[in-house]
């Protein structure tokens, strides 16, 4: 029942919020998302160390087609749901009153939360697809209605780009469905169907799936929607997109691709990994000279996700566990970074790094938070990025040492662009733009402090999360 | 054998007058050639021992419909001078296309030579037989065609009447 | 059956009506005057009727001939409607030339 | 006693947290004292452990960190002679430098943060040496890198300093990647990163999980780890960050960039002595890198005019000696040199800091001179330290460096010769420095009244001076009738490695010979320096004036920074721009865009097909039918 | 059968309304009558349908399609009432619509080619007139004329096809034809007959290359009539199409599936690509309706090997029609208030009338096939059907086409949320429109979430 609750709370609150007076909308949305978080946290704390799906709900949704409303939580899902529900209240909180956010804005965010949660708990292929697509609509509108310059073209590009992938995934899912003996979309049946296919067919389906997941993540060279979209989207949109939504792609690959098409994975994942690793270097190098803060973060995100992708496609326990924990930390980090960028933009009306500087002397708290989050992003040990990155490189190393070495370049290049950005924004003398910079407001603190705490918490106590996901990952690997 | 000669003669007439409908520049002449074509086809009907259809063909087509056409032509005062002409290549194209259609159609219709039409001694074309079939087997379509006529009537009236503003 | 009273081969009917039908089609493509085009369509319908009757006799089935009634009825209804549309159009454009009708395009 | 081991790193961490969170709410004095006390407490614990360890090796578990599959990492601490010695250095020298900093930083507005950073650094450094696995070492390794970054860029308003800080971090990271990969390979080979597990398996020649065969994997591992060491310990080709790191406050230079952090590379190789001893190729690479760096850096130091830069290159050079020692298999000698170097180099930096403090920030030795009278304590301690580093018996540096050189002699005589040249250069640049600063006439701004530093600064100087003078006695070699206490103390750690390496032919006669040669050469250098700078009052050429070619090259540090800039930094920027502007936006996104445009274009053309002419529509229809029938015609 | 009687009677009563002057009561009466027809039809839903004179058969398929048609027509009436109130000959219009509906019902329930032909003609003749019904407008004339000219031309081919089938089988009865065809699959007469009938029906359902009439006619006809054509006519055409090809001609599917395959591909691309660069929303919707015909054709292509095509077509046409009604209602409102129907006319809608913008958004999402709207499930089901009969390449092509489609549907959405200086979109709309928009939007969403509500009936 609780699984359903996790979907329904945001859904109903997203509808209810439209009837709430505009000035209470934000508070209402925050409260609703916070309740979701509290519920998730309760689930998380009481979560048994087990490889099985918990809180399973199986409702015969479309009987004639074997489509079930089947949701359940395992060790991997709960972490993703936790990430979603943890970040959503913060994202809501981060919205600024002066940016003219109507209740619709918050409704869209909550709706998005619902869809994302749904993606992470679905155990039915069709349901998964529905939620997958549902997540696209609110973010499209968030970007379209509250985005920056040239948003029309960029958002449509984003939409069609991602839809391209997902439609091919739909085709793949249908093909799998047709291969199930009694025509169902149940995940286990799909697993069996996928495994029973010959390797050529598996290869085709692999391609279809990888299109969807690769675009969503995004993996080089399917990434070109992403920098534009992140840059144009409003801060909350960027946070949603990068913090949670791109995890859909990785999660999808873990849950719906890797165990399903073992032969194809065995045969083709090496190509995916090479692309991903190439993306790591490629995006990192590009990030070095980006002057727009959000664009820089966007490219950094491609780099990080590339490593995650490579790690999970290595398909061993270190890679997967690393991928999972890195998803959490990347979510936290990138949200933090985007929020910092938003704060800076809000104060200075610019995101151009060369125009900034000296923020640390005006806003030490912001600078400190920025620093800590950035350290998380560059994977300093004891911050969240390290454990994941270490495990990921470890996983990739198992697969190919050269790939690991190349992917490991991220720790160098990451430091190059992040420290460069930090130096030019936070350090040095103040510029014209930052002359009247003020430190964090109460709300901003309320957003940044939890993020900073999470950066350190995940870094120091990653086992809290790894323990939960381990049985599920082992089960995936054993290919039950 | 007689039947075959008659068939050929009537057929040639029909084809020629149909061609004249197409190629005649004066609309009124076209109508008249069309009537001729209908008569030829009616002859073919008779040859098939379908006298009733033959009569109806003449009455309905040649009589009613053609007259309607004539009326409209008169009403709109169309004649040879007002007749628009297509470019020569389009005309050529039309002929070629029509010919091609004929070729592919006929070559696709692989009918065995032995199939022949036995028209003598069959009473299926009589009024009695047709009436029986029409009002039993085909009663429903007969009724339904009333809706068709009603719709056509209403439509024609609605279009033709002047709006009262 | 007696060899002397052998009838016309079915193929002949098929070919004749195909010829007539194609002449109708050609006419539709050939002419620009809407009325003539209507007439050509009538030729097509007649060709069909001829064939139907031939088949009806061949199969010794009255249904075909009844079908011809309906075809004629429909043709009549269509002509009525078609001509009234033509008249309405003529009121506006003063022409029955189909090539005048190209305001709607793209 | 060992159960209190976790407290050793935790004390400074607590100090950091308190300082960091309270920040300006804490009075400055209190901050400095608090920071120092936490380190003092750690020092006391460390001393305790040092005294009680006596060759044992104890692993103290503390906290599980993370695990994935068969990889499991916990925060547990390893106490053995090697780590306890390092603990002592870190906490001891660290404590002194904390105390010194109270005086040095007393008028800086952000001094509380400074102490917080220092405490954090001590924490990470302790973690580095105490960690019982490579992964923990890596945590400390990266952590000290961060602190180094923070402290170098402590005066964050100055972008030159920030650049130096960034450079330090990034260059370090290059090495860290090597370390990381080496560590992963260790894990893959031995199924663990815990020292005990790794070393015991390595000793038995047991490589359960490797795809490489036997020794070559160890060679790769050790080479990768060595890359890490190169980065952290500023060896060729990654040494360039260290001179720049002098941008930080001087206590930082003393603590991090002389006494402790930069020796982490030495520690790592010493710790991995078992692995290294199994990889002779790596050993040679280490030795070669060490000796070349020693010579190279020393030569640069000859012509530097910034007091801290000279010391920085000197540090690089000395680290080179340590690597030489490691490479030739004299692990304990290297560790010994770490110890003595910590004393005298810290002292030198603190002395330099005292000078800078006394001259209100002046760092150029051309603007100094004659400070002996104004700053007597500083001058004397500085002289002692210079003697120590130059290797004049019986000062600390003499014993340690000599051990290394004699080991090098046994390993490869050419290396020894290079080392000898290096030490003569060392003696020369140190005394050049000493004479130019403390002797002769004052050449600085006339209105500046140099003064001796306060007690809180001079007392650490004195303590360190004492240590620099007598510190060498714990390692008097057998050839001089000593017992080499330190070698004995460390023996349990290095026994296997020493045993594994070829037995070195060591005759005490030749060793004494070598010592004599060294001392003579060094003294000659000092005399030459005195002759040049005191007697002839020769001064370094002022900025902008023409120099001879070779000095120019040396003065510009062989243009290595510029070469790196041209070869790496600039191309990287250009590639970055190219990739975004051309590859990303034009090619990849261009293709996506072109697909979109193509579709739009086709759409635009296709709609023209809808001509509006019924003619055309009818034709299309009939042709469609014809084609359809044609293709069906069989 | 009752359906047919009720509808025809309703049409005749409507005509009387003019004479007996109860025009005011007419509209409620029609709605009531349609509701009655709906109920009457649904009562005929049973497992063992009775054949009516061997001419029509109200099996499940027929009943469900009829209900669907009546429902759409009901919604259409609610949408179109205001338009025809301004007209003088409101009763004629309504009567014609009802007759057309009767024809449509015949088209989905025939069991004899005669009835198919009559049904098509009843529907067509009414719609020819309706398309031309705005007599003062040249565009409307042109639309009506083009439609008529090409429609009767196509009827000629259809008839020729029927005759050839008759010639081969000796019967117009679907069952007899089915049997004959199954035993003589290689008859030349049958092949040509099937292909010519395919042509005729492809014309009615606007499949390329017989689709050229559609954009012009949809564009020129009065908006409400266009709505009718895009919904009822299209549904009926596909209902008829499928009924014939899934039963009688299933035995020779090899003869026509390839052809229809190409038609489907051409249609999807012709529709979607041409829609990209339109200025008028109405014309865009016309092309979009062509594109949708392409998707539905996929289900017919896949007919031979599985039983889900009927469901797919029913679901697709119904949901497509509902979304189209929404779109046309909004378009009609926009047209009436701004006098324009280009994309620019939609600008500012989100600001002036969020409700209108919302329902349009839902409709466009549905047309584009984005979950959770019904349009998505329709596409899904089509894909499923096609993949089930191993038409994977067709599905991939359809996916590409659908992606192109997203672009122009989203243009509408973007226009609405674009804020111009000034906009003529009214803040409030008539209550009838509000109701119809509410119903269609709700249906679009609900059917998207619970497609079984529709699917389980066939």
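Note that the chains take the letters A, B, C, D and E in the order they are written out, and that residue 1 is the start of every chain.
Here, contacts are C-beta pairs under 8 Å (C-beta built on N, C-alpha and C of every residue); 3 or more make two chains touch, one makes a residue touch a chain.
Keep in mind it's a predicted model, so treat the numbers as computed, not measured.
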| item | value |
| --- | --- |
| Graph separation of chain B and chain E (steps between touching chains) | 1 |
| Neighbouring chains common to chain C and chain D, by label | B, E |
| Farthest-lying chain, centroid of Cα atoms versus that of chain A | B |
| Per Cα centroids, the chain farthest from chain E | D |
| Pair of chains with maximal C-beta contact number | B-C |
| Closest chain to the centre of mass proxy, which here is the mean CA position | A |
| For chain A paired with chain D, centre-to-centre distance based on mean C-alpha positions, whole Å | 37 |
| Whole-Å gap between the CA centroids of chain A and chain C | 66 |
| Between chain B and chain A, distance of the C-alpha-averaged centres to the nearest whole Å | 70 |
| Centroid spacing, where centroids are CA-atom means, of chain B and chain C in whole angstrom | 5 |
| Sequence positions of chain E contacting 2 or more other chains | 114, 118, 121, 125, 128-129, 132, 135-136, 146, 149, 153, 164, 191-192, 215-216, 278 |
| Shared-contact residues (touching 2 or more other chains) in chain D | 607, 610, 612, 614-615, 618-619, 622-623, 625, 629, 632 |
| For chain B, residues that touch 2 or more chains besides their own | 86, 90, 93-94, 97-98, 101, 105, 108-109, 111, 137-138, 141, 145, 148, 151-152, 155-156, 159 |
| Pairwise chain contacts, counting only pairs that touch as defined | A-D, A-E, B-C, B-D, B-E, C-D, C-E, D-E |
| Chain E partner contacts - residues on chain D that touch it in the complex | 599-600, 602-604, 606-607, 609-610, 612, 614, 616-618, 620-621, 623-625, 628-629, 631-632 |
| Complex interface listing, chain C residues touching chain B | 1, 4-16, 18-27, 29-33, 35-36, 38-40, 42-43, 46, 49-50, 53-54, 56-58, 60-63, 65-66, 68-70, 72-81, 83-88, 90, 95-97, 99 |
| Residue numbers on chain C that touch chain E, as the complex places them | 10, 14, 21, 24-25, 28, 34, 37-38, 41, 44-45, 47-48, 51-52, 54-56, 58-59, 61, 63-64, 66-67, 70-71, 74, 77-78, 81-82, 84-86, 88-89, 91-93, 98, 101, 103-106 |
| Complex contacts: residues of chain E adjacent to chain B | 4, 8, 11-12, 15, 52-56, 88-89, 92-93, 95-96, 99-100, 102-103, 106, 112, 114-115, 118-119, 121-122, 125-126, 128-130, 132-133, 135-136, 164, 188-189, 191-192 |
| List of chain A residues in touch with chain D within their complex | 157, 161, 221, 223-225, 227, 282, 285-290, 316-318, 321-322, 325, 358, 360-361, 375, 380-382, 386-387, 390-391, 393-394, 397-398, 401, 404-405, 408-409, 411-412, 415-416, 419-420, 423, 426-429, 460, 462-463, 466, 470 |
